[in-house]
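My questions all concern the structure below.
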Amino acid sequence: MDATPAIELRGVGRRYGERWALDDVSVTVPAGATLVVFGPNGAGKSTLLRVLATLLRPHGGDVHVLGEALPEREWAVRGKVGLLAHEALLYRDLSARENLRFHARLHKVPEARVEELLERMRLAGRAEDPVRTLSRGLLQRVAVCRAVLHDPPLLLLDEPRANLDPAAAELIEPLIGRASGRTRVVTSHDPAGGLAEADLALGLRDGQVALRAPAGEVDPAQVEELYR
Amino acid sequence: MRPSAALLRKDLLLERRAPEAVPAMLLFSLTTFVLFHFGLGRDEVSGQLAAGVLLVTLLFAAILGINRLFVSEQEEGGFDGVLLAPIDRTALFVAKAAGLFLFLSLVEVVAVAAFAILLLAPSPWPALPGLLLVLALLNCALAVVGALVSALAIRTRARDLIVPIVALPLLTPALIASARLAAPLFAAGGAGSLPTKWLAVLALYDLVFGLLAYAVFDFLLED
Amino acid sequence: MYGKGLRALSLATFAALTATFALIFFYAPLDADQGFIQKIFYVHVPVAIVTLCAYVLGGIFAALHLKTHDRRWDLRSYVVIHIALIFNIIGLLTGAVWAKASWGHWWVWDEPTLVSFLIVFLLFATYQPLRFSIEDPERQARYAAVFAVMAGAFVPLNFAAVRAATSTVHPRTFGTADGGLPSQMAWVFVVAIAAIALLFALMCCYEIAAKQTRWQLRALRRRLLGSDAVAPLGRSAAPALGEPSRSAPREGGRGSYPAQAPS
């Protein structure tokens, strides 16, 4: 198996004006592992995800994603990352199918894949309705389709189970869950649940690393400390 | 499918599904013609005056379209969607400029006809071939400058204020050239020929700004 | 460290300006038609030339910023455009005075330099509002640079277009007296351009030095007195140069996995 870690961050910083949104963040994630990121709002979780997704350039330190250095090689990384963020990244006036087909064209993915995902997510019935008519749960399912459309080896998931009922959560599990075999970075506000499905845990506060350990060695109480 | 084609197709689909820009630009043009009638106190115009009324109206109508150009990307996360894809980011510029060109052309079909009916003194038919050329070149200028300024403004706080004050001075040479080109077309004594000097100026403007915008657009999207 | 050579530059500028005004008042011949007021031409035209060149220079600095991501180029671009805008206003005012003297109106559309000058002013006057409306300093610098590059390329295009559009009934600037510029006038003119250019360079250097010093002071205060001693920046159109201090290295090293309790 390839020994190159999927993610390698060393002393990474990201500035916003005079404030460091990420400050001296270091972590290594082996291929296929799951990293869970905890922290209060404003701690830098979303910033971290966006740096990994090549949407933001690091202002300091080294970033290696899937063996490629960012920002120099961001081109090579772009098609291999799937991002599930707070915004669904879908056009509200287009249908689910039209949205997914659009993304498929951008990622050069055959249309059959769109149909396959719509089937698996049980969306075929509502696939022609404009996205703005879908409930939040359905919307999240479409967003999941969009994130895995191009079969990325790295998944970046910002609170993936928000808005989902248990049935839907079960549906998306094989696509973005641990069983999918992909390397995953998941942000979570649920200490016990987050730790349960992760290999590594990272806690951020004010952009700095406050906690970093294998998930099995972390007590949920330590995670709750971050929020004080 | 090439990325810029995919992006353009998505934009055309969106505009057809929920038309906003084209009807607004069209209505604005028609209303402005009426305002000009009252403002100038004239039933009909010809020559340089006609060229001015038509072109300035189209310019202001274009500003409306330019303001809206990237709104769907900004509000619905389209920027991220494009930035995450393994495509050349300039494809977004090409697609938006092409889309704006098409929308402007659509608007002009009706607006020019309305202008000919409402305000133009001489017959429009002899002017038509020349006018098509002038408007095509002008639309290129509007599309290129519009796409760039729109992308520049969309991520600022005062975006619909920034667009007109930046785009209109930038477009002044294009307006000068197209006004000088259109004036002989609307001459009272019958359409004259196009002064080639001004065709060259307008084409040069399109070329320079087209290349420059293409080179510089990437920097607006990176973070 | 900052403001190296400022004293020499100041003296040179003062000397050049004094020489210019001396020449204007005592050496340059009185113009046949326009009389004494024509002498404002020696201020107006150099100011106009320096302004337009400065705008193009601002565009070049901006392009360098985009290429190197070095914020000092952004500072230089900002200062050059900022001061060129002031010179632009001076140019418009002196132009109006000259127009009144030459043709009896405060504004004439027949003078292409003046007209393109106005258009350029309208464009560059949006530079600071644009900067002000972007809060993130990095993005502000980048977007301002994109604008400056476009606007810098616009200046020559605009000048050419307006020139071509203007009727040439009225004589052009340089042919004002006796159909050609007599050598006396030409000399004064050359000295005037040099003096105005020096003045421009001086003002830019002063502003850059002032800004850099202020940022250095801020950074020092932060380092010595802690982050709390330094008031957070409000929104500003000016480039932000200061490097905010990063945290001291954490205990426990990096890249390893001993369990770390939050401090």
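Note that the chains are named A, B and C in the order they appear, and that numbering of residues resets to 1 at the start of each chain.
Rule of thumb we're sticking to: a contact is a pair of C-beta atoms (placed from the backbone, for glycine too) under 8 Å apart; a residue touches a chain by one contact, two chains touch by 3 or more.
Everything quoted here is computed from the prediction, not taken from an experiment.
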Winner on C-beta contact pairs when B-C is weighed against A-B: B-C
Longest centre-to-centre distance from subunit B, chain (CA-based): A
Inter-centroid spacing, subunit C versus subunit A (mean Cα positions, whole Å): 46
Geometric centre distance via CA averages, subunit C-subunit B, whole Å: 31
Rounded Å distance between subunit A and subunit B, as computed from the means of their C-alpha atoms: 40
Where subunit C touches two or more other chains at once, by residue number: 135
Touching two or more other chains - residues of subunit B: 222-223
Touching residues (chain side subunit A, partner subunit B) in the complex: 53-57, 75, 78-79, 81, 83, 85, 87-94, 98, 102-103, 105-108, 130, 146
Touch list for subunit B against partner subunit A, complex: 1, 3, 6-7, 9-10, 13-14, 17-18, 72, 76-78, 80-87, 222-223
For the subunit B and subunit C complex, residues of the former touching the latter: 148, 152, 155-159, 161-162, 165-166, 168-170, 172-173, 176-177, 180, 197-198, 201, 204-205, 208-209, 212-213, 216, 219-220, 222-223
Interface residues, subunit A side, partner subunit C - complex: 10-11, 13, 15-20, 23-24, 26, 28, 60, 200, 203, 205, 208-214, 217-218, 222, 225-226
For the subunit C and subunit A complex, residues of the former touching the latter: 135-138, 232-233, 240, 242, 244, 246-247, 249-250, 254-255, 257-263
